[in-house]
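The block underneath contains the structure these notes are about, expressed in structure tokens.
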């Protein structure tokens, strides 16, 4: 059976096409402003790669903060749920998941079956999100990848008060003025986010194996800081940023989506009656 | 086809009517030569209401909540408090609504701010005394202010000394009232008011007890609009009668006839702290999944009086009749009133440690047969938000799925509705594995 | 001993507080009890030969505290709990107590009792209505219960003589620290605000008998001490607790200002008032805690909206020739948040310029520097204008 | 990638100007003010207290470099060099790292003094909207600070916030103001002014097909509202002047004036002479002007000695 999963995040869209449990094609790109179109575009891209036509795909499930914009999908699944399904497939021993995306950092506790037992998100603040990393990289005037590598060469840790992304910036600026090396600043930034994510993760409890997914998992500097913060091993699957999409695809192959589809409709109604 | 018959309460209208009258009376008090006083929902209103002649009070928390239910007004009032007065925006949201209301000289129920003749307050959380102390300052500093301390220890530590301390302060309070108003305290009134307070407090607890039934006859959303009367004037005869002779019998009857608050009840939820008042739609949202909020330490004992019986269960505090007591005189009245509040108001226990809250909340979860907990981390009220994370751990340790969401009872700027709904979806569909109920 | 040498010893105790307490235990075999709020009646603890130490901040982001206290609660309290959870007090802290202080400290205590292995804990009901005459007999009763509980725990009865000892240790410490504060009235104080505050921290962390000996030597040595620095603007720092050294240093070392006095519970508010001896020792102790400069949380009266603390602060400002006050508030600290708008008006109406800063566990020095610097300029800039 | 392309949208164009009517050789005192802000830097050179030259550039990640770049740009059309400065004062976020400065003074003092020079002595309240700080200042008729307040540890409603926004909707930051008035109906509310969460909200609105101009109007309104909250804390006394980058954003300024029911002083020189000559008026150089004037005052009052090298 051929199914597809589409993760429409705040920053990027990830699409996978899965045939009998194996990923046969994947595509990613910036979400931009027109999420629906982006979703469409990168879905088609993946199809092209796989040499498939829409009708070849049995079911498509979307996830992510913009998932419900992918109207062509047969259903929608909450991002944490997609994470859980994706991770348990890739790392059956996983019990704790950390997912740091562009707009939200979250931690999920899962059962051996991949059921979501508990979860926590870092509320109302950009510190502890991918966006924070990007903003700081810009303040340092280096590409994110660069900043990641730099922090590995740092020798000292500087506490950084990372409440607000923009003030994080001004702190970076004042650190620069204090003649602190970019290496050390880069580490300070990663330590700050790792600290925030770490405390979110502790809320659900740190049970092995701990798996880190999401785009930021590719940031070696952050991963280094996170391991130091948590004092435990952190597993990162290949393509950590595709896990959500994979999870959606797995949900697609499992079926039972009528609920989800209905959910979209009912939700609208209740919001109207709400006030 | 819903599982159970569901219908709205008959006494609903009466509750709304009493509430409206309360604020109307306060507003018009001076036109009728009546006295006006400001206090808290936990103030012993039986005492100032026992002054000779006509007296009307305004309790601060319910007022702040009424403002909170109206986002537009609320933001305006809070910005006045934060901007014009200059207070921090993380202070109690009710308090900011209240101060802002005075600063803008607007009464949320219409007209100018009705300045009080005196303040009669009591103190247990960090904000109570200061709340009206500063209010008096904003009002010009000339409002006589009295506040007594009820932070004397948890319900299981209440003995002679604790009761004496409060009663002695109440005597001082009576001197204050008579000096400030030039009116005498009427002992007959006082005795009647204390009786009423007992009825309001004990019958509310009895009513909450009935919610142990399946299906639950009441959901929290409804209970919120019912306990409010007890936060306004529990010593009032009409209020006492409402709880004793209208609400309690009706709910009892619902249980007997299996009439549910939510026809599709399939998951009984435990809540904590106040909800974000402007977003009660969240409860409607839950109902689509057959999730009914049936229990909450806050809702039960904000006004309800309870005790822990030999089996260690939470049971309603006995009424005066049940205790076979007739109030003899002023002293007797003050002691009984103090005893009931200090021993019965379990809501005060968490002020003395997380263990108290964990103990009470796990009792409630068991006795009210709760399946899951959705806890509102309430940035608007330290008092009701005490030990919430500890409580989550305690509930999870007893095997109950629990989720938290951050919000604020009366500051919409601190509540993210779409995100909260996303989290609730996740919790209910994934963790609880529930599906939306048909219809 | 040189003043600087003594001050360094205070600093060492502050920096190596756990090592100090462990060593003290070793030497004396006595018990150590931690407390969060300065309303803890230390007299009774000293009477029982127990070392009371205050749980103070470490200024690391309290990541371990998040599962127990969510982040609307005061960062200082989360910081305190965090150290307990990190095991910093393991192996030497015999007891922990809390005293009806703010709701925030109660969160830390509540979680501590459950998650930080501590053999003994006690909730001390310190009345909120400290300005009510009725509180006196009530608190005396609470003190009697407290004394009894300690006697049961330690197996040693506390006599009046023991209480006198406890009172004497505390009073001597208060008197001596007040004498040190006297030096801060000079045009060029021989002791900086950072140093003075370090002295108070040390007093909350070490055996006051030892602290007293050091204080006596310090008072001997201070007259000969000349600081090679410009006093600059005479500042007063006002707030809840402030154990934030980087901030103090930034103002005094980098900028041209000196803290010459304070109203803080890691400062004067902690030690300003002495126990007035009475035949009934417990009553004497009770009176001291009720009559002391109150925490805003307890500063409310029985007749009007007057505040007892305000005139006291103004008096301090005048006695110490204060040119400007910095109002420091721990984020989410309700008691102080409730007083600050009134206090600010009160001081400014009395000719004391104020600047307000909100603190967290880690201080963004960069952001605070410009604010304080501009405040100092506001006070001093006259020279740049005709 | 997208990031770098978008960058240009939040860049204000860099400018520099030299006063053709002044022969600096004839001047007694040549003083300068270098304002290295977190986002932009300005150098102002004054000859005997008259505006001689200035530049307005972007701040880089290294303050000394930024200070040099900015100062060189100010002097590029003149034969005057840094060595001719009698005294130079650094201000702004990077003030401690201004190589050519002998002293530093905060931008709060400098903006108040600069506003007094630019807008005149009736100015009682100054709003300086910098990159990451928003400052509300009360000053006397000499431009001396009497009281001031700054935004808390949240950057909502700062210049940087507006830039992130421009970056997001990919509209040059200088176009946002004017376009925010070209709307048919009242814009929706943007409740969260947090730079990051506003972003999510804005994207939401764009998705719902709300016209860009309306969204700009919404953002300007939200920002004006944030600033009002700060101004309310201090209290606005007439006359009221706005300095810094935001003063150039009519979309925010107009809405701010409506909210606080106070008009801000016209953006033109108080000095009739400068006004008539039509000297360029850049609200961002207030800090530099203040610094240069303080430098002059220090020399005249003997608080400092000339550091002139040539």
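Each chain carries a letter (A, B, C and D) given by its place in the written order, and its residues are counted from 1.
Just so we're on the same page, contacts are C-beta pairs under 8 Å (C-beta built on N, C-alpha and C of every residue); 3 or more make two chains touch, one makes a residue touch a chain.
Worth saying up front: this structure is predicted, and the values here are computed from it rather than measured.
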{"item": "Neighbouring chains shared between subunit A and subunit D, ordered by label", "value": "B, C"}
{"item": "Most widely separated chain from subunit B, with each centre as the mean of CA atoms", "value": "D"}
{"item": "Which of A-B and B-D has more C-beta contact pairs", "value": "A-B"}
{"item": "Distance from the mean Cα position of subunit D to that of subunit B, given in whole angstrom", "value": "50"}
{"item": "Centre-of-Cα separation between subunit B and subunit A, whole angstrom", "value": "41"}
{"item": "Centre distance in Å when subunit A and subunit C are each reduced to the mean of their C-alpha atoms", "value": "45"}
{"item": "Centroid distance [mean C-alpha coordinates] between subunit C and subunit B, Å", "value": "35"}
{"item": "Residue list for subunit A, restricted to those that touch at least two other chains", "value": "124, 161, 163, 167, 170, 173-174, 177, 203"}
{"item": "Multi-chain contact sites of subunit B, meaning residues that touch two or more partners", "value": "86, 389, 404, 406"}
{"item": "Two or more partner chains touched - positions in subunit D", "value": "93, 133, 153"}
{"item": "Overall pattern in which the protein chains touch one another (line/ring/star/complete/other)", "value": "complete"}
{"item": "Subunit D contact footprint on subunit B (complex, rising order)", "value": "79, 82-84, 86, 412-413"}
{"item": "Contact set on subunit C toward subunit B in their complex", "value": "66-70, 72-73, 98, 100, 102-104, 106-107, 109-111, 113-114, 123, 125, 127-129, 132-135, 137-138, 141-142, 296-297, 300-305, 307, 329, 331-332, 334-335, 337-342, 344, 358"}
{"item": "Subunit A to subunit D touching residues, read off their complex", "value": "10, 30, 32-36, 65, 69, 103, 124-126, 129, 131, 134, 138-141, 161, 163-167, 169-170, 173-174, 176-177"}
{"item": "In the complex with subunit B, residue positions of subunit D that touch it", "value": "191-192, 228-229, 232-233"}
{"item": "Subunit C - residues contacting subunit A, complex", "value": "59-67, 360, 362-367"}
